[in-house]
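Here chain A shows up in two complexes: once beside chain B, once beside chain C.
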Partner chain A sequence: MIKEFIEASTALNNKYVAAWKKDGKKVVGYTCSYVPDEIFHAAGILPFRVRGFGATDTTIGDTYFGPFICSLPKCMLQLAGEGKFNFLDGAIITPGCDSMRRLDECWRKAGKDIEGAIPSFFFHYGVPHKYEDYTIKWFTEETRRLIAAVEEHFNVKITDANLKKAISVYNESRRLLDRFEALRTLDEPPFSGEEALAVILAGTTMPREEYNTLLEEFIAQAEKSPGIKNRVRLMLVGSANDDIGLVRVMEGEKALVVADNLCFGSRFYTDQVGENGDPVFELSKRYLGHNDCPRMYGDYQRRLNILEQKVKRAKIDGVVLQNIRFCDLHGAENGIFERDLEAKDIPCMRLEREYGPLVETGRMKMRVDAFIERIQQRREVA
Partner chain B sequence: MFAAGCDVGSLTSKAVIMKDGKIIESVIIKSKARPWESADEVMNIVLNRAGLTMKDIKSCVGTGYGRDKISFVHEAVSEIACHGKGARWLVPTVRTVIDIGGQDCKALRLDDKGNMVKFITNDKCASGTGRFLEVMAKVMHLNLDELGEMSAKSKQPVTFASACTVWAQADVIQHLNDRVPIEDIAAGVNNAMASRMSTLANNIGLERDVCMTGGVAKNSGVVNALEKQLGIRIKRIRREDPQIAGAIGAALFAAEKANGGAK
Partner chain C sequence: MRQETKEYKFDWMLWNTFAAASRLKSGSPKEYQAMLKYIPYFSRIVDTILSTGEPGQKFIEICSKYMENLTFAKEKGKKTAITTFCFSPAIFYAMDIVPICLEVLSVMMTFIYKRGTSEFLDYCNEVGFTETSCSSQRGTVGAYLAGIGTDVDMFVTDTPGVCDTNANAFSFASAYLNKPFFQLDMPPDLTGQRSNEYHREDFRALIRFLEAQTGKKLDYARLTENLRELARQDEIIAELEDLARIVPSPVPVPYNLMIYASRFLFAGMPECTGVLESMLKVARDNAAKNISGLSGGKEKLRAFFCYIDHYAQNMQLWQMLDDNGICYQGNILSHFWSHNAPHVAHYHKEDAAYHIDTSSEDALIDSLGMINSRMPMIKSIRGPYDAPNMWLEDTLGLAKIYNADFIVYNGTPGCRNTWGMVKLLARDTEKAGYPTYIMYADAFDSRVQSWEATEERFMEFLKVRRLV
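What follows is the complex of A and B.
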């Protein structure tokens, strides 16, 4: 069963995407967790979270981006330039951060230079940096603009009834993922953090109904499986990570990542979308308000509280605060998280890494090992 | 009861044999391409010198980049923990350890019992590592030892604008072409090295006593410059070669393991 999730999370054009396309249906990619999947589901389109996973160099990405830019959008553009996203019929770019916003311009330019690098539908979806009444209103209007553009380009009608149906399917998914989260945080979790990330990531690449079915089976099986014992319990926080290999390196033989606060991780399924009322408004409210990304202004204390709650609930021994090089948002916030969590006697380790092929594993492993040893020393003293 | 520590680093490999808390023998060799080859060689040499065989070693801990690739160790421990352990054995009052190895540098803080409280390592490039000094010494046709001693003779150290090893190397060549006294270039190199390291050390917050481990701790120019930049005295390690601190720490962990837990 886990093989299905690992395959779906480590291959871009996986078998589910291929089968979907074979039926003549459309796939639209999006770059950020602030884009409501439900809109595409309601249009009969497969929403697919665009990733940089699998890029082995950034020669194309470097051509369009400057040197002091996060390597995640560079890897995304690299794959687009290499034709790895040719299965996409559309792409949505958001200003998740400045690097990601620049992907809009860079991808458009690359599309002019490299034949087939850009899908025919290409949309910039604005996302405010504050969660207030007036920004929700603005974001609702922006979401309506996105819906209208999808309807026009793909010649479909996105009705309120279909949106409500999509919300219901995705909420079911979120409920299942809550059950999955409860298993993940058990004293003896039945699966590793690497496997957990594969399960979550697969949800960003698969048709939702099939995902829910598979997830339900996985949970039923996991509930009967023996747990993993005697590991140092880590929480992974910070920049986007869609590479299960990174978690594998961190876990090694001694640790288990039992919680996270990543946009490719648990942030993806936190909180339900309201099923009553205007579906566009409800979607806008949930996606803008419950995503817990440092891109949102004036919301640090709430994000810190979320981490503290997770530490308590999952009995976390240590928090790994990682950021991709040049990721200002997470790089800055990780420093403050470290200060505030350490003050509450929660061990933290900051880690700066490059996005892309796992080339720094030796040095990363040395630091994670030392962090685990620090935690073990604390236990011995206690 | 003999315990051993084997530290396979990127540039040098070190092995230490201890008995009853005392060092019986220690060896430093240049690392080979494969970590297990370095480990085998350094261990064979140290055993030969001590007149022992591997069967006499009750417990052995491996550390360094190649720690997971050594066949004969009973356990692998990170070099961060080993340097902390070794430094505390060398300087019992130490609370902050600055280690500059061949290809990385790290700073760690210990509590009053020697437990790790905080650590940081370089994560950008080779700047601020032993390799930086090696490259610069080679360009100046100096031995590494000479590079350190020359700082004392400098009257007007040069300043290096770039943190990049390659660009700093180009700067050294430029200064040599401009007939700048070699002492001033050497002092500039040592200051640049200390500057990178002080940024890292300040990041974790310094606590007295501070000591330096690793091969670069033998470079008086860097140690003096670092002392000046940090504004804190760095305790010199005289009991043993500071380069074997990691291997000592590994041997101490091995001894604890053989004795059935932390002592």
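What follows is the complex of A and C.
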């Protein structure tokens, strides 16, 4: 079962995508968790979270982006330039952060220079940086603008009924992922953090109904499986990570990542979308309001509270606060998280890294091992 | 941070330095020359600015006044707000709040101190702020994080949707110091009904926030007065910009900095108007006599900076341009988007410009929303660089109207936003016929690239492109 998830999470054009395309259906990529998948589901299109996974260099990315830019969008552009996203029929860019929002121009320019590098549907989807009545209103209009553009380009009709159906399917996913999360945080979790990330990531790359079926089976199997014992329990927080290998390196033989607060992780599925009322409004409200990303400025205290609750619930021994170099949003917030969590006797480690091939495996492994040792020594003293 | 740096409030030090500088010319020329020896790291700046005559004297005086206001804000029972250069302070003055503009203070320290803002830049990193963040905010915010500035009551920025590293500095500092935070958020489109409504609602929310923080209602009579003064400032700036188009330009090289700095410090206040009027008088006189504003008297080239300047010690950028007969035709900071600005009329960008309407309370708020959403940087780099009214269109339009021979990009490594698109911009400006130079220096931190290396590379570019 886990093999299915690992395959879906580690291959871009995985077998589900290939089968979908073989049926003549469309796939639209998006770069950020603020984009409501339900819209595409309602249009009969497969929503696919664009990633940089698998890039082995950034020569194409560096041609368009300047040097002081996060390596995640550079890797995404690299893959696009290499034709690895040729299965996409569309792409949605959001202003998740400055580096990511400039992927808009860089991808468009690369599309002019490299044949086939850009899909025919390309859309900039604005996302406010605050959650107020008038920002939800603006975001709802923006979502309607996206819907209209999808309808026009793909010659489809996105009805309220289809949206409600899609919301229901995705809410079912969220309920299943809540059960999955409960298993993940058991004293003896039945799967590793690497496997957990594979399960979550697979949801962003495969048809949702199939995902729900697989997930339900996985949970049923996991509920009967023996747990993993005697590991240091870590929580992974910070910049986007879609590489299960990174978690594998961190866990090694001594640790287990039993919780996270990542946009490719648990932030992606927490909270339901309201199933009553105007579906576009409900989607906009949920997607704008329940993504706990530091791009929503001035909301630090709420995010700290979320971390503290997760630490308590998952009995976390230590928090790894990581950021991709030049990701100032997570990097800076990690600095205050460290101050405030350490003050509450929760061990933290800050780690700056590059996105992409695990070129820094040795350094990271050494630092995480030292952190685990610190936690183990604390336990011995206690 | 060195112990001696922590001994005094840094803003009190800045006030004293500028207050002393404003009195330098009150003595004899001999006394003046003798005094310069005692301020080795500040002497060239003072000399360059004061050598512009009355405008320079007035400029130094308003810098001193600004620092005095914030140094004694608490003694006078006023609230203080840390804010950013691209946030028009007119609303703060209307609500009797003392603005503390991070970037302007960073420039002041970069001008004055031997080590610039390096200790405060580094202090930010010591307390958890990323070293990759923009040095323009870090340079000053470090002092406040270290507790060696005046007491801060709130943080107010308008860069979300425009510049993450700027907005993030405010968000970080407010969380670190546990102070109230407000953001004006910018949608990607500048114009159109949706954007206008968003700006309006957001500005109303800002007023509610400021009223809650101060416990006072907005004084509309005072706001009207401030906006009328701002309109007067726009008229003067428009005339200065028009004069700058003449060949040779009668506007001295340091005036660009003095225009935008005055505006960032005292928008809508008579202090700013005084400096602008004084500059206009000199520029008009020069124009009447067909005199170049360059100290050498001969204009060889015209440069347009598409982003910001380089504030390394002693105004060396301005000195380099002046020494080489390069007429400095401004940057993204020195061009405002009032309806009467020459570039607005010339390129029929009326919909992208703002009007000041003081006819009603609603009109006042709408005007403020429009002004803020069209501040330098806020206007031009919020959306895709090649979208209407954005960076490419503005750069090419301004370069053309001011007859620039070449375009220069300079920023800081923290400027994620422009570094994400500057290569594309340069490709397009080159295609349009403008040799374009991308500087890799840090405008506020000469440890990233020394001024000597920066100057050498700049001159190399001019030679390689056969501009000199």
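The definition used in the following text is that the second predicted complex is superposed on the first by the 382 of 382 C-alpha atoms of A that agree within 3 Å, B and C clash if a C-alpha of one lies under 4 Å from a C-alpha of the other, contacts with A are read in each partner's own complex, and residues count from 1 in each chain.
The working rule: contacts are C-beta pairs under 8 Å (C-beta built on N, C-alpha and C of every residue); 3 or more make two chains touch, one makes a residue touch a chain.
Here the structure is a predicted model, which is why all the values come from computation and not from measurement.
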| item | value |
| --- | --- |
| Which partner, chain B or chain C, touches more chain A residues | C |
| Partner chain in contact with A:G274 - chain B first, chain C second, else both or neither | neither |
| Touching partner for A:G245 - first (chain B), second (chain C), both, neither | neither |
| Chain B versus chain C as contact partner of A:G289, first or second or both or neither | neither |
| First, second, both or neither for A:P207, with chain B first and chain C second | neither |
| Which superposed partner A:G298 touches (first chain B, second chain C, both, neither) | second |
| First (chain B), second (chain C), both or neither touched by A:R374 | first |
| First, second, both or neither for A:K109, with chain B first and chain C second | second |
| Touching both chain B and chain C, residues of chain A | 325, 350 |
| Chain B residues touching chain A - in the complex, by the definition given at the top | 65, 76-81, 104, 113, 115-121, 123-124, 261-262 |
| Chain C contact footprint on chain A (complex, rising order) | 63-70, 95, 97-99, 101-106, 108-109, 124, 126, 128-130, 132, 134-135, 138, 141, 294-295, 297-298, 300-301, 323, 325-326, 328-329, 331-336, 338-339, 350 |
| Chain A-facing residues of chain C, complex | 127-130, 132-133, 157, 160-161, 163-165, 167-172, 174-176, 181-183, 185, 187-189, 194, 197-198, 201-202, 205, 384-386, 413-424, 427, 440 |
| Contact set on chain A toward chain B in their complex | 325, 342, 350-353, 362-363, 366-367, 369-370, 373-374, 377-378, 380-381 |
